[in-house]
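Naming follows writing order (A, B and C), and every chain is counted from residue 1.
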Amino acid sequence: MNIFHREPKAENRTHFSVDRKFPHPENLRLSTHALSVYIGGNPILKLVNVEIPKNKITCIIGPSGCGKTTLLRTFNRLVDTIEGVKLEGVVMLGEHDIVRAAASEITEIRRLIGLVPQRPCPLPMSIYDNIAYGCRIHGISGRKKLDAIVEYYLRAVGLWDEVCDRLHMPASRLSGGQQQRLCLARSLAIEPSYLLADESTSALDPISSRTVEELFVKLKQDYSIVMVTHTLRQAKRIADHVIFMYLGEVIEEGDADQVFNHPRHELTQQYLNGAFS
Amino acid sequence: MNRRRLKDRIAGYSMFILTISSLFLVVAMGIGLYMKASPILQEHSLWDLLSASEWKPMKNQFGFFPFLMGTLWVSGLALIIAIPISLLTAIYLTEYSHSMVRRFVYPFLDILAGLPSVIYGVWGMLLIVPWVANVAAPWVGRSTTGYTVLACGIVLGVTVIPLLVSLFIEIFSNVSHELREATFALGATRWQTTKNVVIRKTAPGIVAAIVLAASRVMGETIAVIMVCGNLAIAPGSLLDACYPIPALIANNYGEMLSMPLYESALMFAAFILFFVVLVFNLFSRLVLKKIKSE
Amino acid sequence: MKRSIFEEKVFKALMYAAIALVMFFVASVVLSVFKRGLPLLSWEMVSQLPGGGFYMGGGGGFLNAIVGSVYIVGGATILGLIISIPVVFFLNVYLKPYSKFGFVARLAYDVLFGIPSIVYGAFGFTIMIYLGLRASLLGGTLVVTLLIIPIFIRSMDEVAKTIPSDLMEAAYSLGSTRWETIGVIVRQIAPAIATATLLSIGRAIGDAAGVMFTAGFSDRIPTSLSQQTATLPLSVYFQLQSPSLEVQDRAYAAAVVLTLIVLFLSISGRIIMNRFSRNKIQ
């Protein structure tokens, strides 16, 4: 079964401009320069310099504890929730300096950078409200407008046919895979430029996991996706660009084909061969 | 954009003010009661007030000794009754019982915890007081009306059981299973494990729970007033009437307005109660919080 | 028999005895009150004011106390919720989990929770005298409000603390401000709010020492905030002191009504906790 069989027509999908609700700065680039993150004085990230390429899937790989998730969470400043965290260096999103952003700027940055969580995490409200929530807080109202947005993004993640007759059911009743696609749709609905995915398929069964994966591949036409993944196979399947991290440092960064097939660095080679994980 | 931020700020500040002002209640209570109590403290020394036995407000004699002793006797007895029962119940529920049993017992504890103090008072008057008068006292060859330290202690002991049980259960369930299994593996029986591992490990928590229960017992008013006998003489045995501090305050609220010093004396009583409960609570809550965070 | 096995058996027997004793106490309290009061309970009791004054007898019931309790508890619950919900929200969203202020605040609410209601009553009374108020419906309501705020805050905070961090992050990652997450949080802890409300009503309706000074007592139903009012627990307590058996009967009947209300609240609290979690994410 092809879950995309009722996906919005191609010309529609790439043309958010048709119903663009939010200002869209052109050529938003996301990059870090000498980014260091300390938690309680311990360096978690050391002088990280990366640039996230546009309209590609960037996979961050590396052994557990290497700082993948911290890097991801620095992009939308969710690191702030950790006790004793300190940021140094520069993270730029277009003109926003994420490290130095004031509270009011952060909400805007978070709108531009969506997050698909590790475990599906629907908000405690109906399916409809889950999608509408983000739009409402960013100032979009009106029944008709919201109806259209909800339908549009549920279609975009292939969930519309499954739930269109029970939109006002609590989202917690959906299956795990459906919940994760709902979370994806929820992130898309506020029209981010970047999507962060933190092991977003790890809590799903293999079939749902594949479905979500395929969605990411489709979505890269319109979004730049940064993904932390714990399975090398997944990274090999979908990555266009790879960042390999080890003990808080970026060891190697480059085109997926190059990193996987012709790693330049010894450590990368060993990691890919399964010497450590 | 700025409006959203503004809303966030304003909401934050107003909630902060609400929080601060509700917290200020503790301070206000202490200061308010102390200020009301200060006239009598200027007239009599603290030691005189606490050690004198004569309570004759009309003659300007304010001896709190009988009331302090009443509170001590009653609270002590209540704890002596409640601690073993609660401890054994909590041990059974956490260490021995199946979840089925727990599901059956918890609602009973809920009910016990929820019943108002006045109902316990009615129960005391209907059952405990007659039992003391007709069974307990004749048994040791004395006769009383039944309105005694004993009756009061039993009623208070029962009121505090649910609090103690729930505190104990919370403390015991903080002990890790590995620790229990480690001694089981050495061939210890369940009770030995409980005694040597669970109770020893949670001893500070148990003490904190008991202190908390003590502060609850000392402040209990209506149930006490209904069964204590209200006699302003320091009790000498379990079968004497008594007059704990909360009963003193509650019984005299109507008359006190006519005499400033009398009012001040009662507010002094309230201040003692406040102060002791505050110290006890601070101690036990800090210990319990520390245990929970470990 | 080995000593350890013997000890085990003895203590197990003691535990059964303790459990049996607890059960016995529950049954004994509820049944003794019911046995004495239930036969006396009649429609007249709950629908009429005391005939010849509460102390003297002369027929009638204790409607004054029922209505008084409903007024005080209703008012205190509404006021209490208005104050507690923002405080819980502030503690859990605006403050970081490791905040020092949060620690002190929670400690203070624990302490406030432990302070006996007689002290609340005495304190409330001095404040009222200072403000020139006399014992009244208003005074009673305010003191009961103060009394139940810590209960509200503690029980809601207990649950709010367990809100999964994923959920907060999901809301933040959509660009919510802290204030805007309130919609999410309120839905998540709705069952806790409901249960906390019921628990607090239970404690508020049974409290006598706090309202003794501040609400006073009256044979009539108050028609304004400045009038004195009767409450159920005080009507039990005062009427039991009367020499008239008829009045004492009224007290026992009132005790039954009070017990029934509290039992109802305690049971529905449990049911809500189990059932109401429709939208809740575990």
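As a working rule, a contact is a pair of C-beta atoms (placed from the backbone, for glycine too) under 8 Å apart; a residue touches a chain by one contact, two chains touch by 3 or more.
Please read these numbers as outputs of a predicted model, since none were measured by experiment.
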{"item": "Remotest chain, chain B as reference, centres from CA atoms", "value": "A"}
{"item": "Selected interface, A-B versus B-C, where C-beta contact pairs are more numerous", "value": "B-C"}
{"item": "Distance from the mean Cα position of chain C to that of chain A, given in whole angstrom", "value": "47"}
{"item": "Rounded Å distance, chain B centre to chain C centre (Cα mean)", "value": "17"}
{"item": "Chain centre separation (chain A, chain B; CA means) in Å", "value": "54"}
{"item": "Junction residues of chain B, two or more chains touched", "value": "4-5, 8"}
{"item": "Chain A, residues touching no fewer than two other chains", "value": "103, 107-108, 137"}
{"item": "For chain C, residues contacting two or more additional chains", "value": "177, 180"}
{"item": "Residue ranges of chain A touching chain C (in the complex, touch as defined)", "value": "76, 78, 81, 83, 103, 107-111, 113-115, 117-119, 121-125, 133-134, 137-138, 170, 172, 183, 186-187, 190, 196"}
{"item": "Of all residues in chain A, those that touch chain B in their complex", "value": "103-104, 107-108, 137, 139"}
{"item": "In the complex with chain A, residue positions of chain C that touch it", "value": "96-98, 164-177, 180, 183-184, 187-188, 278-281"}
{"item": "Interfacial residue positions of chain C with respect to chain B in the complex", "value": "4-5, 7-8, 11-12, 14-19, 21-23, 25-26, 28-30, 32-33, 36, 83, 86-87, 89-91, 94, 103-105, 107-112, 114-123, 125-127, 146, 149, 153, 177-180, 199, 202-203, 205-209, 212-213, 233-234, 236-237, 240, 251-252, 255, 258-259, 262-263, 265-267, 269-270"}
{"item": "Partner chain C, residues of chain B touching it in the complex", "value": "4-5, 7-8, 11-12, 14-16, 18-19, 22-23, 25-26, 28-29, 32-33, 36, 84-89, 91-92, 96, 105, 107-112, 114-123, 125-127, 158, 161, 165, 188-192, 212, 215-216, 218-222, 225-226, 246, 249-250, 253, 266-267, 270, 273-274, 277-278, 280-282, 285-286, 289"}
